[in-house]
């Protein structure tokens, strides 16, 4: 066990640096984890580039990162069901366990949830972190650290598909195939979709979506409503998942969805009020369901990645060592068209 | 059995008149019904006043009316399970029975549904009408013709509550308490709501909502988000039903709804694109569910009105005879603030 | 605040006595409650009479009682959202909050749940008790202590109806109308049942069921399958709730249930293996759903009793003071045909 | 188009023979299908060997077969959405379209359903058959006749998984891996199961289950409750599907199912009353759901077989020509341990 704890810090002036901190001691019910890998999320990049996201603002230095996995190195008092040496994926939103949302099984809606890496709450881009034992989820045998670092975004996709209550054989459309969209394509297929359409305007992403089992629709080249209609026998998609995070996609969703269908809204549009055709929701009797992170989604995410039903390797485009994390952020910010997912490994990856 | 069939007609010039037509003969699987009462729907009034509604336009004369009940006077070939003399409420949307929506139990979404009183398809404001036997639903003993004529709007409220999948004890908000809103208030209470808030700006309607069990919120006098919050321990409504049919209510719905809550959209906003806070849907992980008429809702509507769990008498404000139907339309159009539900009785109501 | 804490004790020799114990001190997150009333449950009586129930055996003396309410008299560290002086109903099953069942919203299935009054875990028949603050549920204004003591069995009925996912207008049959059955009849009506049939063989219970809105079926006088068929137009009940706790009722349930219907099993049959017609489950494509206590059911139970949709007063047949609790147990055990629910009040009830 | 219509006949004396009948003419709404392949179902064999099954008895000669596909060769009046030359799988249960079950989307529960091949209603083991156009489901491009003949049993598996409402990542146990069990294993994996356990006592079947993705449990060599526990971290299966059709499997199901889990009963036990541990249903709060054929399951079955998510080729063990259908029945009846699925092709299969 290394005896230093390198911790990435980000401040309001867009500066990123590593500093050393004491290795934390697990409280009762917690485990101490030696972190092995992190994915960099779009939200981490957003705080880096703009210092703000929705209601959150970077004021004091804090630690980014919430897509992490590692190895348990110590158990706090009273912990059962976990053991030292176990590889775990870290679920980063710790709820109060006592409010009505926690008790009804929607703990991601807990008003007092502590989400690691939200400014003010330190994240996982460091060598050691403590979390409640039940938020450290055992990785199946043979899963790599890189894969483990992708479980958090897979959990977003799994939760979106859970919210969709996808029927076997359903026709699915995914709007936007960045990292979350590409995982959502796979989660839809893993859940028994009959056909998955992937809509985007970037060639690389569409090619990847096709490789992962989707039928690509290039929305800069084809009128999307007509294209979806043509591919679905005139019906539209039974389930549409909006993962693009743009108002144009949000507005498109009801139009490409079949009567009696479901829209799952995952992406946050860039504007507060979206000119939305509520009458399409009425005429087709659609369901629109919002998604905000996930609950109870890590175990299925681990299971599906473990048995190969969802593959994360194809979405990993770049790797950096923790000591180069500032460069990783700068690179990802500078090359949005090349980057899908950047992984930061705590140990320097082997050359070649 | 009367030997004439008086039929109300409406043309594109806003003219209404009664004419005589032959009594129709029921086809195989149909019943012939002697109509006893109709309610006048807002959509009937809209076609009368403006000649158009959504995609529909009055071009040729047709017969309005789709909130009707009556007595079976003849059975077509092969009809079982119905008998001459039976009092029935008429479900006015006849589906194809063969498409995927019909077969999945959402036959109101059938693309080939024939909805009586949509321009081009004659409605029920007449003395005799034929419908498929299974769309003539037996009225429970003791139910009056007036009550029977209200089953159709009750079915809208029942379907809205079915779409809400209301949990026992849920806090419900109803936006707009016209006829549908007042029935929805009652359907929510009948379904086990813990508390129902009624939001409107008309005194008469709010008074009636209170009488029917709701807590009124006068939105011209109170800021509605604050008012709902104060009445719900800060949580908001678990389920919000928008029955006002105005974009301001549509936009208000997510703001007064609790985290993890449900919005059922019943009313059609007056504008095509509503500036909608999708981010509230995301942040609170809400469900928005559209409603377009109903399916499988007549039997429960009849049952709940029959046992007094939903009372329609308080929403009936005016009565006319069929021969005075043109005057009924003119009155209802001229006095929107006095009228909640106008009933047209085929036989002249007794004086006094 | 009284300075003594009288505590009822039961031992393996069927002896019941009151003893004095120190007033407990609330831990962090807990509240101290001055108990005001308890209902006596059938399980309490069972342990009194037989010393055993299912896997549980009375070995050491312990305190019965888990249908309780009272007044908060002190708050442990960190408690928010509760205040001294508040009247609360006590939810008696305290889960671990960390296992998969707790996190999926089915915390009653927590393998480490601590259920007050199970032998080895002291119950609520005493003057003071501590519970986690979130398991002390505020009673609505105007609710009496007697009513508060009935919230726990109401929660059983509410959970059973939640498990049934009752549709508006559904026809419901309740097998056995003891305390839980009578509350289930009301919960079904409160949830929008169209008709509720109550099946039993005791006149008093059937009369009470009728008074509470059910259609009684005396199963010693009528063949129940025929009787239910006759009352439901030949269909059977859409939902059957078995609350009798006898194998004959368990076996009857599928036979009186309509095709595509639901059976909710609440009562525990007296034999381990019930000769069950699985082929009826298959032929009619029924759902059979087990019930084991409740989760998230106290708030709706309080709300529905608070607004009068479920009335508990009619099921309370006898009242005793805490100092007479041993006599209360003896009386209830000796007079099963007269007793529906016995309430034990911590303060002597006023004479008359 | 061949000008003869060979039709297989079965009588009460276990005799099977081919006879010629006129080619039927499609009624309005129907299509005429030239049949290309049939699977032989266990129920066909049962009627052949015993002349009876459940309530059905062979009295007059009739035509077996209900797992069929073919080519549309003529359209009845008014048929749209189908075309001559189209390859279709035949859904063999034709409902009334008017009863409450038809209208709620559970048309397999229609009391007047006409199921082809039930004694008295001729089945599909012949050259030409007519069915309603909407019960002739288009086969995706490239699907073989053999595959098309397996869509009916796939629909059973799809319906069973639909009834299970399988969550992503769920642990599934399938009891009995005959034809339906092997398809159910695949449907569970296609629906996102994390792990599927297959329990049986036949080596060949277990080997096939393993090849199709399941973890085999040989119940003659391992104590099944312990084995399932060991493979599921002590939890049991989230969903258990009973496809063995034996009371021992029916009784085992609750014991191997996890707390809060679901049992889907597909197989019919050989005895009327199964000694069933209802108390396990209660203690674990299980759901037991019956399955009786399928509704709305052909389109997803076609879609999943079409994209390779369910493979039927591995379960086809034997092939015969229609002229040898009597021999096919005799063979399948005589060799239950070698046969999984026998296909009868209307045209003689190419040699080799």
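The chains carry the letters A, B, C and D, assigned in the order they are written, with residues numbered from 1 in each.
Keep in mind that, in the parts below, a residue touches a chain if its C-beta (ideal position, glycine included) is under 8 Å from a C-beta of that chain, and two chains touch if they have at least 3 such contacts.
These numbers come from a predicted model, not from an experiment.
Trainee: Indicate the lowest number of steps between chain B and chain D, counting one step per move to a touching chain.
Mentor: 1
Trainee: Which pair, A-D or A-C, has more C-beta contacts?
Mentor: Answer by contact count: A-D.
Trainee: Could you put a whole-Å number on the gap between the CA centroids of chain A and chain C?
Mentor: Roughly 43 Å, centre to centre.
Trainee: CA centre of chain A versus CA centre of chain D: separation in Å?
Mentor: Their C-alpha centroids are separated by 39 Å.
Trainee: Residues of chain C that contact two or more other chains, please.
Mentor: 104, 106, 299
Trainee: Under the touch definition given earlier, write down the residues of chain B that touch chain C in their complex.
Mentor: By the definition above, chain B touches chain C via 158, 161-162, 165, 167-170, 187, 189-192, 194-195, 299-304, 306-307, 309.
Trainee: Inside the complex, what are the residues of chain B that reach chain D?
Mentor: My answer: residues 29, 97-100, 102-107, 132-134, 295-296, 299.
Trainee: Which positions of chain A touch chain B when the two form their complex?
Mentor: 54, 101, 104, 106, 108-109, 111, 163, 247, 250, 259-260, 265, 268-269, 272-279, 281-292
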